[in-house]
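Across the two complexes that follow, chain A remains constant while its partner is chain B and subsequently chain C.
Let's turn to the complex of A and B:
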């Protein structure tokens, strides 16, 4: 552990900005929780816990990255779990029927399907001009329902599914052996890191990223500046869909079981993970660091409550509690500031 | 003819919905005959619709305040669980002597839990200015978490005999719970159209800043409405508990999408301030008739979810078209360039083809 001053200095050197308040709070909560758990149960401090968390959280992180971009653009998407399952399941079916057994093919196909479904979302949201929540709630059931009706919902067990996915899911970057067995670092990690860097580059080093922040802050002003709203939205939702496609394949390989009815229904909790990181639904705000912290907290609660002697059914209780607390603090501060500046938009 | 036209002009949504409901009803009767239009099926429809109807009403109320309540289902389930604990005799042991007392305590516990859930939402939204969608997202997870923490994921069975009679009782062969739902709808319609609180709710939904400067205590309106939502949700939980005779986290998850669907179908504006209880009731009848037809035709849940999602998008799309047409007509008749179309920088096939007056609505700034 480095000292606080070094940390702040490091933060500003790396990120070229000050830490946001939500990020500080969230970081404090994550650290405090980790300390408490480590104190209660020293087994927490093992490397395998970290590897477990990374394996469990990497899929969520991919979705959360895409979702942060969507939230920054002022939109919302709750169809991404359906998109992930639909694109990955179609890819697996195609591989099965064509006899192609290749991870790269699965990734490529799943990503493209996800991209197309994302475009569908973007076009509908742009032309119906309704809350994106309602539109994507609709498309989520349409995508998943259409898949289930047209293609069925047969699941593939480990021996039935394409073997390349099984090998991919079992492979690991680093392995080490302890007295309890072998532990490996999931292959999903490079994808997550890649997506993180790509998202960061897009958001902060391209014109496109500027446009995303701009339409999130004010769509009206952005369009008067000559920013293509439809184009930007196509990118935003397409990117979300593509990441969901990647995540679907990672998810199936990680579980080594292809179940087309899983995952759908968890979208709101992933949305919560992003929201807890400080992304505002009104758009134009949100940082990738916040998202990372939010997902870490989520993964912590998911994998480490056992160390406290609580079973995982307490997860939502803690996560929901922290979410309500952080929302309360965040918006109460905003409210005070708004009152001071005589802004009365939010009641 | 003139009268009909005037009626349509005054309230196009209700009329369209009524025509739609009638025609769907007639079609179903024509195609499914006795299997649909039998007293047995109608009775089971009325039983099934009760809890969903109350949840839809709660969602509708939240949309009148230009919000959305994602926590309705998990709040209903949580109140059913808390009540279930009482009715299972886990808190006060049930003896033959105190059965009816425990039952009433259980019923009160369900309603109070619902109210508390609503109060939490209301306080977060009114006093801390958390946007409704986020506040209820948080409480959605939190309520589900509390329910899980209490039960550990298993279901709470009701052991008091006689409690399930509430769901099966009938008055002149109409299910009692359906009558309860109708009564709640009646009260809601009365409050919304005939009282000051109702006016304030619509005004807040239409323009919260104007309402604030008109001297309305917005925070109070929000809290009252969310308390009402909480009570409605508590009643839904009560009916759920009595109908299934047990409570479990994860029950009725599909209600959320359907509640949003029926509210939007009924012409409630998600941006607030528009929506009538009567049309909500009609939408409910429509949805339940279709639901029952799907059951008769043995559609699997995926097919249903596909149809619900597709109809949500369809309804939203049609509303959008109507809105566009109405705007265009208004602008053309007034010949006033009311609001300049934000230049999209992209081809925009549904709106303002070249040479026509821009026609972007006034209220949709997408925020």
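Let's turn to the complex of A and C:
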């Protein structure tokens, strides 16, 4: 009991808040699932499983972080996969034609392009006064379509693509050797940790972050206080775009194959991961811990269903099931409470 | 004489074709409590938004402390000492109490890095100034409306405000909470803050104001010293016509002694909500049910409409036991409920007036193949808007675009379409201007005259006295007093009732209604 109390105390001490119900549920689901898998197949408990999960979940996590910020601001973005591909593909083409074979250059260029495309989203949302869903649905097709028309969609194989990316994708932070071969920890991890810390600092320790929560609570009230709505949105969508740009390069490097028609179309599963983590489409709500748990669950399903003897195509099935079940239970509890308090509004 | 704190000269604004303000002038002096009154849509809120820099005026000048303000920038107005507490409070539900209070100051200081300590210090200091303590880390969404208001006031004060606008701060809070608010406002005023108070409740206006400024249809009618007016004169200035409503008198009916009451409630209890409630309503009765918010009034109304099943006791309709377990049971028993919250429970805001009206009588607006008949629907809607005196007779208008008073007429009209025998009105005139208010009173009295049984829930003694022939007072789930027609007409009843509502603990009398 004492250790439990200490843990709760620690959580509150670090986070300055209690764990949310969604976070507790999700944590319980992740743990329960891990126990079941470990029980069914002890191979799950190896370090290499964890390394696989991190490699598989890193890109998703970067996108999910950006998307969390967007949802907290009361917006939505479904163009980020297109932004990731467009930014990274343009960077690869540039490297190819200029003969610059440098991973830092790739990152910088892709991030900048992502940032700009994010700004385009923000400006359109603010000035067309259209719902963010409609704007980003449109820009997703426009960005990707413009790239296909103007630059083509030629693949680059491992030997054709910039070799610095291949090297970067094969490199490991740490490696260890088992009887089954060598395993390494992906180079994407520092990017994810960096982005996680940066996002957390921005959201909770800067005025900008508080403004993001504020406009997600009520844009009208925020403008009455003189909070710069356009400025805040430029940041929110720009940040999403920049993270997508980073993710694009990590994605091509990890795959060691440049395919400009991949990834696009997977944005909704990432949205699902963020929503499972407790972010609400109505804005103002969402935590990074929730997002981390949501993505962890996604990565778990992605890499460990084989241990249960299940094909990886079960991943989406399970993930969708958890989404419906956990949020269904949450909302049902809310409704029972509302009913008791004679509140009849839908939420 | 010193420069006035605020002077507005010849200000106009148009929204599209609509001219919302026409050459409005206003001056506010240091240390003044001013009331700004006028009917819904007269331009009060628009004027406030121009002064606070949210809207850009089309013409005219605004001076704060003698200095001309040209740009429209909320932060400039805030820096100059103008603060507005909007009707919706403009708080951030997902941020904490402390953050909501501190955000103004942080924005103004150009803070980039938020320190928890600093935020808490600002919040604590401001809450001390209003003399209330709240949990600083609580999310604002978990607070009661009265406490949200305290947060809004504390936020407004954090910027060394010199002029505070309060847009209808008392519509959603109870009498005791209004008293607390007023004592805070007077206290702040004594320390030199000027306050502009916008309200529909005329008794409050007289209670708090030095000077009353009246607007009508985008024009300034004038400034009047509070003691030179009475409510009839003020109502005349606001509406441009004489507004007077007679107290309701029930006429005795032939079947009074023979027919059972339309609605009878016997020993009704709902655990945790109300206990041992008895009352009867005959044809032509308007029974007022009053008491503080949370006294159990709304809970009884919901029970009678099948939304909050009673734990024990009986409900008799025409002397026969009624089974009210769902709204449709209540509707088929001839009961109609005009709910407390018009916006979320009374109306389909995004639908036309016509669809709102027909929603209770869909069985009535179909053709012989059970398809909806647009012609029958619009006929029903037309009949209703004419009967209720809704100002906009175009039934294809969206409900959300009507003023509060006209929306409420649509809600009442929608229930009239079901030809109910019992009409329950829960706080029917909250946030509604005086003109529409008296029209609604007249409508209800006329319906009762024609034989309807009415239960009217309200926490305004004036409203109860003006419209009801019998009164029940509730407190904390119990009926603590009941008054019949003769007691109601006795002199001094209004004061007695007001006191009873505000301070129910002192009520030792217990009689049946």
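As a working rule, the second predicted complex is superposed on the first by the 327 of 347 C-alpha atoms of A that agree within 3 Å, B and C clash if a C-alpha of one lies under 4 Å from a C-alpha of the other, contacts with A are read in each partner's own complex, and residues count from 1 in each chain.
In this text, a contact is a pair of C-beta atoms (placed from the backbone, for glycine too) under 8 Å apart; a residue touches a chain by one contact, two chains touch by 3 or more.
None of these values were measured; they are calculated from a predicted model.
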Is this a clash or a fit when chain B and chain C both end up on chain A? clash
Between chain B (first) and chain C (second), which, if any, makes contact with A:342: first, second, both or neither? second
In the overlay, answer first, second, both or neither for which of chain B and chain C A:213 touches. second
If we overlay the two complexes on their shared chain A, which of chain B and chain C does A:227 touch? Say first, second, both or neither. both
Decide which partner touches more residues of chain A, taking chain B and chain C as the two options. B
Using the touch definition from the top, say if A:128 reaches chain B (first), chain C (second), both or neither. first
Using the touch definition from the top, say if A:285 reaches chain B (first), chain C (second), both or neither. second
On the A-aligned overlay, A:334 touches which partner chain: chain B = first, chain C = second, or both, or neither? first
Based on the superposed arrangement, let me know which partner A:137 touches: chain B (first), chain C (second), both, or neither? first
Thinking of the overlay built on chain A, is A:50 touched by chain B (first), by chain C (second), by both, or by neither? neither
Just one of 98-106, 170-178 or 206-214 in chain B runs into chain C once the structures are overlaid; which is it? 206-214
Chain A residues touched by both chain B and chain C? 220, 223-224, 226-227, 283, 344-345
What residues of chain C sit close enough to touch chain A in their complex? 52-54, 73-75, 78, 84, 86, 88, 90-95, 99, 103-104, 106-107, 111-116, 137, 298-299, 302, 307-308, 344-345
Note which residues of chain A are touching chain C in the complex, please. 16-17, 204-210, 213-214, 216-218, 220-227, 283-285, 342, 344-345
Residue numbers on chain A that touch chain B, as the complex places them: 74, 76, 124, 127-131, 133-135, 137-142, 144-146, 148-149, 153, 219-220, 223-224, 226-231, 265, 268-269, 271-272, 275, 281-283, 311, 313-321, 323-324, 327-328, 331-332, 334-335, 338, 344-347
What part of chain B is in contact with chain A in the complex they form? 68, 70, 124-126, 128-131, 133-135, 137-146, 148-149, 151-153, 204, 208-209, 212-213, 218-219, 222, 253, 257, 260-261, 264, 270-271, 300, 302-310, 312-313, 316-317, 320, 342-346, 348, 350, 361, 364-367
